[in-house]
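Consider the two complexes below, in which chain A is the common component and chain B and chain C are the respective partners.
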Partner chain A sequence: MSGIETALVPVGQALLSGVLVGGVYGLLSIGFSLAFGVMRIVNFAHGDLVMYGMYAGVVSATFGIDPLYAIPFSFLLMALLGAAQYQLVYRRFVGFATLQQLLAAIGLGLVLQMLAQVVFGADTRSAPSMFGGQYLLIGPLFVSAAQVMAFVVAVIATIAVEALLLGTHWGRTVRAVADDIEAAELVGLSSQFINITAFALACGLAGIAGTIMVTYYPTDPSKGLSLMPIAIIATTIGGLGSIRGSFLGGIFCGMVQQLTAMLWNSALQDVPLYVLLLFFIAYRPTGMFGFRTE
Partner chain B sequence: MRPLIPIAIVAALPALPFVNNYILAATVRALIFIALGQAWNIVAGIGGQLSLGHGVFLGLGCYVTGILFNELGVPPWIGVWAGVLVSLAVALVMGSMTLRMRGVFFALATVAVSLAFDQLARHYVDLTGGDNGLALKFLGNSLWAMQSRWPGPFVYAGLVFMILYYWITRIILASRFGLEMRAVRDDEIAAAAAGVRVFRTKLLGFLVSAAMTALAGGLYMQFYQAIDPESAFGLGQAIQLQLPALIGGLGTAWGPIIGGALMIVLSEATNWGATRFGFIGVDILVYGLVLLIVVLWAPQGIVGVLWKGRRR
Partner chain C sequence: MTALAVANLTVSYGDVVAVRDVSFAFDAGEVFVLLGANGAGKTSILRCISGLVPARSGTTVSGERSLNGLSPHEVARAGISHVPEGRRIFPNLSVEENLTVSFIPRGSDRGTVLAAVYKLFPRLAERRRQFGGTLSGGEQQMLAIGRALMNSPALLMLDEPSLGLSPVLADLVFERLAAINAQGTTILLVEQNATCLELATHGVILQNGRVLLAGDRAALQDSDFVRRAYLGI
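After this line comes the complex of A and B, so read on.
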């Protein structure tokens, strides 16, 4: 191999891992983005639902069931938990991302985190799937099979959500409520039903993201909180409220993270993302693609 | 005259025979968090901008004071002002980049900035002590180094902060600037239509609040003698900075005082329970529950519940 190729291999490796990790970041961001886009709810507890999704994988692995099979159950469980959260806490804040709403979400997140610690303990747990420990070679680059699988699931889930929102009657009603809640009620839509189902979907997506993530990334009760910055940055860069924007934002975050880890320092891999967030808020608050103008 | 009675009781505490160091230390903690809560109350309670990153200014106040003292021997009396200046610079950059937007973006950005500082503080070990944190060189009792083996002097320092910050809050509430901040909080568009320069008002409130937090951070550092990334930039600390104002009453001058005292009683009780029952992290659970309860059922805080209908 010539010198330039040898130099490019690590960059290609970083970009490839970044895309794969970023796909899952994208999936956990679209739920966060959906709740904001439809209901103007900033769900700081979203990461904690991802964490519960990770524990769903852990629990199924302890029963000897591959975590990948737990994905539908994880989706349903988190959707139910999300609906309960909506009824108990977020219902009164729909339409306004107020200081009170953000604080309520933080309080809820802390309670969920500590409950996880009571139930599952504070230890780090992992749940490898049938692809655990396998690697694929693509030319000079290698990737973990578990990450490829996670990326595939993330892409499928994202496309399914987009199809649901764009192609079904329910999706049209959700978009109608997101655009103008009063006009939607005037034409006879039940915003209460639409909001609760949309919020449940957002939380169910967090469950899927968690369960596929735990196949290659160990969890503990504080993981949910530590994933929130990525969701926040991916959605802001991709466009708060936009599904495909958030997914692409997630991939972008993964790439920046891996490149930083390779070129600079893995302990500081998130710092450029935080700086980017500030610049996006200041100069391009509609996100990289401007999918949403607001 | 009535407010003077509790002040006199607190001031007399160090001289009373039955008061041990534990009670004195808890009193100092309460006074420090009252001051910090009062500072956060300016930007969030009066200004309506949710800063989840006030740990940044607390941390900068602590780290700058501590590093200047350990490395260069600069006394905290001077060092803390360097911390205030650094905090003002950071707040200026943060504020001018994010405060033109709606509140959500500001809140999200403050989270990111505190996490960035967390990673930096953990990484530059030579300067900050990394994960283990930074401990002040202890010189024994020394007025010059603002150090004392006995918590007594810190009670008086804390009282000075409490009275000063209460007074600043009252002045702001009574001023045109305070009125403009509340107008922006209640309705940005209406405020702008009435001639309030919205961005400038928000930025100024944020700067005042950041400087007050960093200054109280100097006292925090001298009392605790140490700071680490988690207690400076962690979410737990960010919430401890918010609870006094939230429990007591957002946007009121009395709120953080009542709320800060209650929060310390609460945290001492839960710490006692945590060691008794071996449940680590129970304080976080209690903070989360308190946050939820206050926000959902008593958004006006204790002051709001007690003084319903009266002028605050």
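After this line comes the complex of A and C, so read on.
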């Protein structure tokens, strides 16, 4: 290998790891984006549902069950928890992201974190899957098998959500409510039913994201909160309300993080993301794909 | 049979009273017109019938069924379609999705009702794959009416369907409404454009939230109010 190629290997390595990590960021961002796009709810507790999804993996691992098998249960549990949250709290705030709504979400997030601390303790926990500790070699680059698996699950889940929204009657009703909730009611659609199911789906996706993430990334009760900036940045870059955009925004965030960690310092890996967030808010608030945002 | 009976309806937004003690009723098969200038309370009456705003007092009854307290989708499912002011189509849904998402089964299957709408508005069939937001104003109005017809409604309510349209397009819309009525759908039409009286069987003229005059088409057309305010005579 020539000198230039050798120098490029770490860059390629960082970009590849970034894409894999970013796929999961994308998955946790589309749930956040969906709740905003359909209901104009900024769910600051979304990350805490990801954290519970991570603990779902931990719990199944302690029973000797591979966390990958816990994914469907994690999805259902978080969907139910999401539906309950919607019914108890968010229902009142549909259509306008008010300060009260933000405070309610932050409060709900704190309750969820405290509850996790009581139930699971404050210690860091991890739950490797059957792919834990395995690596694949792609030419000079190596990747963790657990991250590849997580990426594949994230892509499948994202495509499934897009197919659901674009190709099913339920998906059309969700998009109709997102466009104009009053007009949707006038043509006979129950916005309450559509909103609660869409919110449950958004939270179920947080559960999936958490459970696949815990196979390579340890969790603790504050993990959800630390993931929220990523979800916010990914959806801002991708375009709030756009599923595809949020997923690509997540991948972009993963790549920027890994490149920064390689070229600069891993402790500062989020700094360029915050700079990008400010740039997008100032110059392109609709994001790259945010054609939905009026 | 009475299609809709509104009795002593009062609607207010905070301290502002938009509709004061309004009563009217009409039979199935009619084209009933609510005529009045901006701010007369026409839109508030329709929004109240649909359950979008609550009545402060008074009742709305369709056939035997009270509509008071129903949510808008329940009113739609009771067979009352509302084409709102400003058309309010779904801009990010295709024309065909706008129609299919609005289908409410009542005997006929979805394909049959869709074909009937396309027959009434062939322009929509040509544009079925386009996003609703890319349509012209006239096409959006056709889509809004077509969407309401996917409910196979017994009563079709329209809020100023001619607003913002050229006179030619407005005439086309009124002509289609006459055709819809001829097929048996009762129509409640809100307008400030007096040419719609051509279609009317009965109606009321509203001013500042009150009924100024009620009567049949001839009575409304001959009224001083219509002559002065609308025909400029």
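Assume the second predicted complex is superposed on the first by the 290 of 294 C-alpha atoms of A that agree within 3 Å, B and C clash if a C-alpha of one lies under 4 Å from a C-alpha of the other, contacts with A are read in each partner's own complex, and residues count from 1 in each chain.
Going forward, a residue touches a chain if its C-beta (ideal position, glycine included) is under 8 Å from a C-beta of that chain, and two chains touch if they have at least 3 such contacts.
Just so it is clear, the structure is predicted and the values come from calculations on it, not from any experiment.
Colleague: After aligning the two structures on chain A, examine chain B and chain C and state clash or fit.
Modeller: fit
Colleague: Answer with first, second, both or neither: which of chain B and chain C does A:119 touch in the superposed model?
Modeller: neither
Colleague: Mind telling me which of the two, chain B or chain C, contacts the most residues of chain A?
Modeller: Touching more residues of chain A than the other partner does is B.
Colleague: So, A:9: does it touch chain B (first), chain C (second), both, or neither?
Modeller: Neither chain B nor chain C is touched by A:9.
Colleague: Touching A:267, do we find chain B (first), chain C (second), both, or neither?
Modeller: Touch partner of A:267: chain B, not chain C.
Colleague: Contacts for A:229 in the overlay, against chain B (first) and chain C (second): which applies, first, second, both or neither?
Modeller: In the superposition, A:229 touches chain B alone.
Colleague: Which holds for A:176: it touches chain B only (first), chain C only (second), both, or neither?
Modeller: Only chain C; A:176 stays clear of chain B.
Colleague: Considering only the touch criterion stated at the top, classify A:99 as touching first (chain B), second (chain C), both, or neither.
Modeller: A:99: touches chain B, not chain C.
Colleague: After superposition on the shared chain, which partner residues are touched by A:89: those of chain B (first), chain C (second), both, or neither?
Modeller: It touches chain B, and chain C stays clear.
Colleague: With chain A's C-alpha centre as vertex, what's the angle to chain B and chain C, nearest 10 degrees?
Modeller: About 90 degrees, rounded to the nearest 10.
Colleague: Once both structures are overlaid on their shared chain, how near does any Cα of chain B get to a Cα of chain C? Whole angstrom is fine.
Modeller: Between chain B and chain C, the shortest C-alpha distance works out to 15 Å.
Colleague: Residues of chain A touching chain B in their complex?
Modeller: 36, 42, 89, 92, 97-100, 102-104, 106-111, 113-115, 117-118, 122, 225, 228-229, 232-233, 236, 240, 265, 267-268, 270-271, 273-275, 277-279, 281-282, 285
Colleague: Can you name the residues of chain B that touch chain A in the complex?
Modeller: 44, 48, 50, 52, 94, 96-98, 100-105, 107-109, 111-113, 115-116, 119-120, 122-123, 235, 239, 242, 246, 279-282, 284-285, 287-292, 295-296, 299
Colleague: Looking at the complex, which residues from chain A come into contact with chain C?
Modeller: The contact residues of chain A facing chain C are 169, 172-173, 175-176, 178-180, 182-191, 291-292.
Colleague: Give every residue of chain C touching chain A within the complex, in rising order.
Modeller: Of all residues in chain C, those touching chain A are 50, 52, 71-73, 76-77, 81-82, 84, 88-93, 97-98, 100-102, 104, 147-148, 150-151.
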